[in-house]
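Chain naming follows the written order as A, B, C and D, and within any one chain the residues start at number 1.
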């Protein structure tokens, strides 16, 4: 399943080069992940002691975005291992679909009581189900 | 007592006009207040259930700040009433002291257990003492 | 004319108290002003050398907003003088209309070539027209 | 050459988990790169039409940082190819040097007049010199 969210670029997103600042894209990615969790409900029913933790983000900047551009953030699960998973996020211009940025976000899911990572394949089957829906 | 902190303006502070964005100044003000609490220790010894809450900020923008400028944030208590107090914060160019922005930050102090504001004059005498040190 | 925009509160908007941080509200206000300019087209047709400059923001924080809350930002022109004007912006919970924050944003409009403020009543009649539409 | 800068964690850096938010680290990294450019003067003497562009950031989150922590950002050049280079940035707890985050930041340097990337090994010998100083 791919979840799409939108953001319109405003003056406060831009930096001195009149382009969206590098750091802002990480907020857009986080926005996309929250939208994904909302729409899929993948963590609904799990206790609040289960935390989604990002351990690595690798982001490519493909094209500068400017004032007034409308971006679409596309988020999906791209890999589920035993200990960690990956969300693939692509940010494109809504107008023509041209790539603005893309990122692989590697995560673990931790039980804050035990401080141990869950086994994603065994303990979080709704994530696995969402992965299957991509193909 | 006046507490001074510094910030050097970087590219990510600027917006499309190559000036520090309005919203960033509120982070600089918060930075100044944390420095004030650190340096004066005014809330040390109070329980964690005592929360400092901002109820109004009135900020004047006097002069645009640009890449490489070093700003000084000057923070002091300017008024203590029964229910609310005011912190006066001035942001100036470190080089020549010319004004960049200034703000009055009105606050209450609340006990989160009772949800009631403390009487600042009776319950927070260290704040009153800091006010007296301005003159 | 009142222009409405929406924002859904995400984890990155919150601070250590799990409430939207004070500084974020200034981004929400800026979002509201851009939406106002977009929707009314009030500055369309004016040269790019005409700059809208904020000189004061006075913001009241009425109620804490938390994860998942959907806020509505309502923006209108509330006063036009010769040299400066005021935009009134109210942020409310979309669910029940209860107030979250409100602000008066005082602005001037400057011609960057002459560095002089325009006379808003004479030179910016579209702003005056929008003010009249409030009543 | 390794350039070190410091940041003290304040309330506005934290998110709902009371840890520094993922996106904030990209501001800390940018802070470190500006400090590096300032201290080494590596781009001094180059025309303003020469732009440093980040094309990829890969960041590992190693340990959560909390209110009051003082972080040190260590920045150096780690690789210079013909078309692109890499800056290595490590963020550690100042108190004990334990790792908080580390990132490889891949960049190109572009002449905005020709829109073409410079050959880093031929055109930007000061960068090469800084790389040599690491060993």
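Simple rule for what comes next: a residue touches a chain if its C-beta (ideal position, glycine included) is under 8 Å from a C-beta of that chain, and two chains touch if they have at least 3 such contacts.
Computed from a prediction, not measured in an experiment: that's the story for all the values here.
By number of C-beta pairs in contact, A-D leads when A-D and A-B are compared. Farthest from chain D, judged by the mean position of CA atoms in each chain, is C.
Centres computed as Cα averages put chain A at a distance of 23 Å from chain D. Chain geometry summary: the mean Cα position of chain A and that of chain C are 30 Å apart. Distance between chain A and chain B, defined via averaged C-alpha coordinates, is recorded as 35 Å.
In chain B, the positions touching at least two other chains are 11-12, 17, 21-23, 27, 30.
Across the interface of their complex, chain B is touched by residues 11-12, 14-18, 21-23, 67 of chain A. Of all the residues in chain C, the ones that touch chain A in their complex are 10-12, 27, 30-31, 34.
Of all residues in chain D, those touching chain A in their complex are 17, 21-24, 26-27, 30, 51, 53-61.
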